[in-house]
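Mind having a look at this structure? Questions to follow.
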Amino acid sequence: MDDPTQVETGRAPVIGPGYTFGTITDKISSIVLTRPTSTGWLIGFGISFLIVMVLLYAIGYLFLRGVGIWGVNIPVGWGFAIVNFVWWIGIGHAGTLISAILLLLRQSWRNSINRFAEAMTLFAVACAGLFPLLHLGRPWLFYWLFPYPNSMNYWPQFRSPLVWDVFAVSTYFTISLVFWFIGLIPDLATLRDRAQNRIAQIVYGMLAMGWRGSARHWHRYETAYLLLAGLATPLVLSVHTVVSFDFAIGIVPGWHTTIFPPYFVAGAIYSGFAMVLVLAIPIRKFYGVEDFITERHLENSAMVMLATGLIVAYGYVMEGFMNWYSGNVYENYNLWNRLHGPYAPWYYALLFCNIVLPQVLWIRKFRTQPLWLFLVSLDVLLGMWLERFIIVVVSLHRDFLNSSWGMYYPTRWDWAIFIGTIGMFAAAMFLFIRILPMISIFELRTLLPEAEEVKSE
Amino acid sequence: MQIFHRSTNTISRATIYGAAFLVAALLWAVLELQRSPYITYAKVVRPQPVPFSHQHHVGGLGIDCRYCHTSVENSKFAGIPPTKTCINCHSQIWTGAALLEPVRESFRTGKSLVWTRVDDLPDFVYFDHSIHVNKGVGCNTCHGPVDRMPLMFNYASLQMEWCLDCHRAPEKNLRPRDQVFNMRYEQPSSEKPVELDGKIYTDQLSLGRDLIRKYNLRTVTDITSCSTCHR
Amino acid sequence: MTVETQLATSVPQRSSNNKMEDNKPHREDVCPGKKHKLDLKTAHAQIAATKGPEYWRSLEELAGSSEFQEMMHREFPKGASEWLDAVSRRGFLKLMGASLALAGMTACTKQPLEPIVPYVRQPEEVIPGRPMFFATAFTLSGYASPILVESHLYRPTKIEGNEKHPASLGGTDIFAQASILGMYDPDRSQTIAHLGDVRTWGNFLEAIRGPLSAQKAVQGAGIRILTRTVSSPALADQLRSVLKLYLQAKWHVYEPVNRDNVLEGAKMAFGQPVETQYRLENADVIVSLDADFLYAGFPGSTRYIRDFAKRRNPDAGEMSRLYVIESTPTSTGAKADHRLSLPSVKVEAFARALGSVLGMNSGGDGVLDRDQAKYVAAIARELQSHRGSSAVIVGDHQSPSVHALAHAVNQALGNIGRTVVYTDPVDANPVNQTDSLKDLVADMRAGKVDMLFIMGGNPAYDAPADLNFADALKNTNIPMRVHLGLYQDETAELCHWHVNEAHYLESWGDTRAYDGTVSIVQPLIAPLYNGKSAYELTALLAGQAEATGHEIVQGYWQKQHPGADFDAFWRKSLHDGWLAGTTFTPKSVNLKSAAFPPSAVGDIKSIEINFRRDPSVYDGQFSNNGWLQELPKPMSKMTWDNPVLVGPAMAARMGLKTEDLVTLELNGKKVTAPIWIQAGHPDNSITVFLGYGRRRAGRAGTGTGFDMYPLRSSATPWFTTGVSISKAGGMYILASTQGYQTMDTGDGVTRPIVRTRSLEEYRKEPDFAQDDKPPAGLTLYPGYNYRSEPYAWGMAIDLNACVGCNNCILACQSENNIPVVGKEQCNKGRHMHWIRVDAYYQGDRDNPKAYFQPVPCMQCENAPCELVCPVGATTHSSEGLNDMVYNRCVGTRYCSNNCPYKVRRFNFLLFQDWETPQLKMMRNPDVTVRSRGVMEKCTYCIQRITQHRIDSEREDRKIQDGELQTACQQSCPANAIVFGNINDPNSQVSKLKANARNYGLLQDLNTRPRTTYLAEIRNPNPELEGQRSTAEHG
Amino acid sequence: MKRARIYGLMAEFDTPVEIVKAARVTYEAGYKKIDAYTPFPIEELAEAIGFHKNGVPLVVLVGGLLGCSGGFLLQWWIATISYPINVGGRPFNSWPAFIPVTFEMTILFAGLAAVFGMLALNGLPMPHHPVFNVPRFAFASKDRFFLIIFSSDPNYNAVRTRAFLETLAPRSISEVPD
């Protein structure tokens, strides 16, 4: 594996020079333990909190009046809700991917970004999880989607992809949660021992569960962590596969495609890394952790984006090709409608955001210069949202019988809830940064030369 | 330094592993609740304007069900007797009874008695008395020993699982048509065999199976289709 | 009148053969509704608890509740508050409901205690839980539609055709069916009013006694009675006796949609008014000159549709050929083998040309161009080669001369007695109604009128603009103006006294069908608001204030049918729905003059404007009927509006787009309205529809659409030229329920949705519709075996027979408690009709071919919707029905997305009205009333299937073929919809499915639909083929 | 704090290398009941103190198998035994459609087994532990490495063991009160 200490030509190291176990520990734990809170944080959190209030209001009104306050209709039965759901779930893929797959691939550079990437995953999945519930006509009956012994002797219908969704998403959330928590335990112990005031000590102490870094514990810990990674890897791939089934199982032209699973997964990673960068770039700036999240990390992430972006592009091409090649009038029309129909501008915007613009990442400057990378990442996030909009709305609005064609116009409530979840996501991120170590301290320690010496013996 | 007292070890473990059991217990409680009389009113006597006793009228006087519930054989609705039906007899007997004043008043003023519905299915369930009665489902199979009920209550939970019990295995409950209104009918046993078309039955299942054939019942698949009860 | 005399005297025809009721309207059981539930039950308890008159009084109390009043005065369409984002009062109620729901999941499943309320004395014929069917008749502009009314414990809930009656044969028309909602309409006038203040019948008698006796002295010189067309023998008799009593009194008649032209035409031809009937089953060639004889409102249309459809079967006998020459595209034109799109002003020229070819001295100037002339020639040839088996039908809009000419032509072709029959007029007082109204206005202005009785009708709104009736009513101080009507409408506003009229379902009466057969109108329910019928008001004038409708009508017929057997005769008449021996016998009339004076049509060069009765709200009398307002009009699929129809060519020339607002100006009067570009509308001509823009209609009708009466003059009521169109600027949103009206898609493909061929092509290649049928073993799955089942339900829809009359939609709406959602929701694509009738235009947009396709649920055997439902709310029954369990649905809408036919409907908001007591009484108790957030759809009327199955099983027999009908099938005048057991090879539906024309919609998806279609076959005249581009082959 | 009985003797080191060396020596010196505390995982250390295999993988395997079979059987039972119903003409036991949920259940159970198995085997949570009595032990979660010889070790002797530890040249040695 590559030695992170030595700096290859032009490639930034995964950790800045001159750090010791101590300095790493202090630098990161201080972010959490120092008082008082920075004003920047307060402002940021304040704004996102207000947006959460908007979200709550919108949800209240939704439950009061019904989904009719949205733009959904017949034929377009799914609108923003499902678009946002898929978008958030996609974003929620980066975390587990980074912590699990990159761990198995022994990509040590992951150590400094996996922690907040995982947190980001949790929050994204939480946002995503809202939508399937909200978009129900009768949300208070959501529990009918779970198999529980009831007086009706009736069960969920396991042939429906929506039930698969329920299981996939809840499993994914649970596993990500425990994975993240396990990773936190040693760092919580560190905080417990650093904390000055009693409350912090007790809270962190309780969460650390009395971790004392025993060699035996570390041994079992590592095994469990590795196994979890091994389990999470197929899981993360399965989740978006299942989400793509929501569409692929349907007969709607534009949905009924076998290419969906791989191309959805790629898209998920694509948007996931975009979100990681959108978060990492400002964070490393404001908290001065450029030495832990170095250009190297940015560049690697950018490369992953470039790669997955190309897979996604391939997906689009194949989709179009199959539409044409199938010789099926409805499939053909689906393609024609994307290119010439009323939503054509959105389709072209999608192609630009997801395929054309990200090609700048071939140029090193764009991979390493934070600002550029930040903008490209935002563009990718937008693009991926558009992709889901095209898949959901444009496929539905003109399907088999011309008589039933329609249009979809989002209402202000659609927007309120979409933006609301973004606020919810941001608020959660702010809280996380403030009260938990955003970078895995103990894993960072293993990157130091001293740690490596043991092995080199 | 030592932050926690020794006892916290036990406590914390107890809480973690205890939580699991707590959740399970709660779930169980909810499931029990939804089947409890609190929800189903099963075996719960309901307020009525007149304390009408089926025990007295059916058990005691042996009045046939159909005397009051006239449409039970040819309508989905068994029928609630009009005040007139009560008065038929009570213009002769108990004419002074204070208990019956509401009935007499109703008859005088022409204002109906307002009873409380006892066996009350949700409005999205369409039950039809006539077909059950005609296919050999006895009154007391669902309504219980009405002839021993001083005050009326619904005997069964009337929940879907209860309906399905029978729809999935009708043979468990069928009886000859002429026994449907017999409150004292007992399922065949070696002590009390039942005779049907000259054949003697000593156990319910064989009787039930023959009745299914005799009354050509629809298959279980048919009568467990959703649209059997829901429209 | 007490309920006893009301109902004890009415006679059921079918007693309770297929429905039940257990004292409570059924509803979907959802938490938010929970709060209302108790209200609903107790309300119902109050109602049912009382009997006879109090029954209705207690209802009035409910109706009088402040909440109800508030709703009544809201000037929004029904349920408007649903989509006004401000949280309304009802919204607030729902807030409480919702919070209740969220309070706790288990709380949802707990039922509140329900009252149950028996009779005190139970009527003999009543079996609780089983409906009865009473025969009666609905009257529109004097013509009766014989109907059966389904009644649950004396609550009428649905209207069906009277299959024993020759004018119905089981079919109905949309207006008759929708009239049930008209009866329960909470906006109906509920009290007698004097200058707007509530009064009693007693007060009215007081007020009228004096003036009446004063009139005695002057022989009633000041009395004027204005009625709509009266075909009721009893009422006519009453009115005449009033006129005998007051020799100087006058009886005027006016309908905005009148048949003056027909009358004058007949007079011109025969010197006497006659009724013209057609025997289309004998007609090989039918030529329609602007006659929309296949749509409700044309006298006899229900029967004509049946006869016409019978002759359109390419597999049985000779197929008839239909030529339609018309301006405004109609569903009749859509069914034509050849439709000539011709401005109304030129139709007369066309008729004359045709006449002269057939040897009349009808002139026929050179207005027609080559193509049109070619038509004349071809049609003339056809007619001559089909002497005695052809018919020329003229629309009410065309001038008397055209009618007279048609009479002459039919006579010349020897069609009289074969395809065309003359009888006495159905109208009991056949006068020129326009003149009649003119005289009245003249008298009013001349101050000759002291007492004006307006019985029904709304002249203040719909009288010709030039007569200025409203002004005459307002400003010529007539001392006593009395209005009898169902609504406190524009006319009531201008009258001193308003007497709330009893709906025909609430009162006794009699009426005539197009063939003269008299039906007794018997009440189905005691008047909800103690309304009075025209009979009773007339009786009052005749000095019998206390006479009840029952006495009047029965008394009259006793006179006509003296003798001991009257009671039997009477009971039979009530039972059957008509009086034996009252059918008019054909009368022989002879053509008196062969001269056809040219009627004045303005400058043919300038733009023509057509005035037409609206296909949905007729002349405006139904404008507060939500069902009709939301009924998509046959050609444009428009709801809730009456845009100006403009042809594509004209729109292109003037740069008009659909939804552009334009100002129409005709002799000084201006109206601003939106444009709808209607394929097939002739150039240089526009069409406007009457009946909209009401000021005082009610929550559904008030302010919807645009009032076109101001442009309509007594001289040219139907069409004239010289209208000017100018862009008014701005747009106006129109709610059409069909997204796209052609089978051609942007990428140049024509989708095989409606499959059609010409007769010759069909003969050559009978199985053309089968090409893409997937092989049986295509699927991976073993497939479910339905053969072993006693029943496997299926439906076949004959596109050849379907004339797009919309009956099925309304029948379904009424049978299945389908809510009305309002214009905004329709515009969002959220209309709730379980069956829709798609209209597709193919070929040249200036005169395309048009096709209708009714689309209910296909009940696919491999249903895509079921597969994706996460909670199993929609599954397959063993009889192959695609069940929909509303109470299990959580509302993911996945099923709808995955339904290729888009026949599923979703309650996006709380569309059902839980508050209005009247509407609750109207609901079918055998169908769950769906609440917010659940999917719903057609289930082949599962409630009817279940009921018949139960009834047949009780008798240990199988359901006979034809015994069980779905609501749509039952109402279809064309017999286009056939439903039955496809496991029975001899059933009618099996036979149809065996037909070569039978194909499944989108069958290549292998959804295995149980509903299939018989491809449409047209019978064009080879001589004229290629005259028009025919690109519709799919 | 009152003098309690001794839990063990603890030596503090500065670098991973030292602690690993020290651990090996101690183990070879016959001290078997020993443990080491480090701020990050050091694989060599476990071997050094003679801890080779752990039970976690087995627990995970069992969990996975449970989830897999349970997941599939639940669906199969529901679709074919409990309430067989015709959905879109598909067979009751449409097993291909049951795969996704089966898979998810496998992962879920295996994952939870891994976590709770690990915690249980490690005897966590244990917020209170004698080693925390040593003030300097706070650095075990930062940059110091500790070796402990438990008093329960047969060869343990307050004096000799301390002497032995001295030979390892630790930064400090401290007694761990129980």
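A, B, C and D label the chains in the order they appear, each numbered from 1.
The working rule: contacts are C-beta pairs under 8 Å (C-beta built on N, C-alpha and C of every residue); 3 or more make two chains touch, one makes a residue touch a chain.
As the structure is a prediction and not an experimental result, all values here were calculated from the model.
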Of B-D and A-C, whichever chain pair has more C-beta contact pairs: A-C
Chain at maximum distance from subunit B, centres defined as averaged CA atoms: D
Rounded Å distance, subunit B centre to subunit D centre (Cα mean): 58
CA centroid of subunit A to CA centroid of subunit C, Å: 56
Rounded Å distance, subunit A centre to subunit D centre (Cα mean): 30
Length of the line joining the C-alpha centres of subunit B and subunit C, rounded to whole Å: 46
Multi-chain contact sites of subunit C, meaning residues that touch two or more partners: 109, 864, 867, 872, 875-878, 888
For subunit A, residues that touch 2 or more chains besides their own: 151, 153-157, 159, 163, 192, 205-206, 209-210
Multi-chain contact residues (two or more partners), subunit B: 3-4, 9, 12, 34, 164, 225-226
Sites on subunit B touched by subunit C in the complex: 30, 33-34, 38-39, 41, 46-47, 70-71, 74-77, 79-84, 106-107, 110-117, 120, 122-124, 126, 128, 130-131, 134-135, 215-216, 218-219, 221-222, 225-228, 230-231
Complex contact set, residues of subunit C against subunit B: 20-24, 26-29, 45, 48-52, 106, 109-111, 113-122, 127-130, 789-790, 875-879, 881, 883, 885-888, 926-928, 939, 942-943, 945-946, 950, 953-954, 956
Sites on subunit B touched by subunit A in the complex: 3-4, 9, 12, 27, 31, 34-35, 157, 159-161, 164
Residue numbers on subunit A that touch subunit D, as the complex places them: 20-22, 25, 147, 153-159, 163-164, 167-168, 171, 174-175, 178-179, 181-182, 186, 189-190, 192-194, 205-206, 208-224, 227-228, 231-232, 234-235, 238, 242, 245, 442-443, 445-446, 450-451, 453-455, 457
Subunit D residues touching subunit B - in the complex, by the definition given at the top: 83, 85, 125-128, 132-133, 135, 138
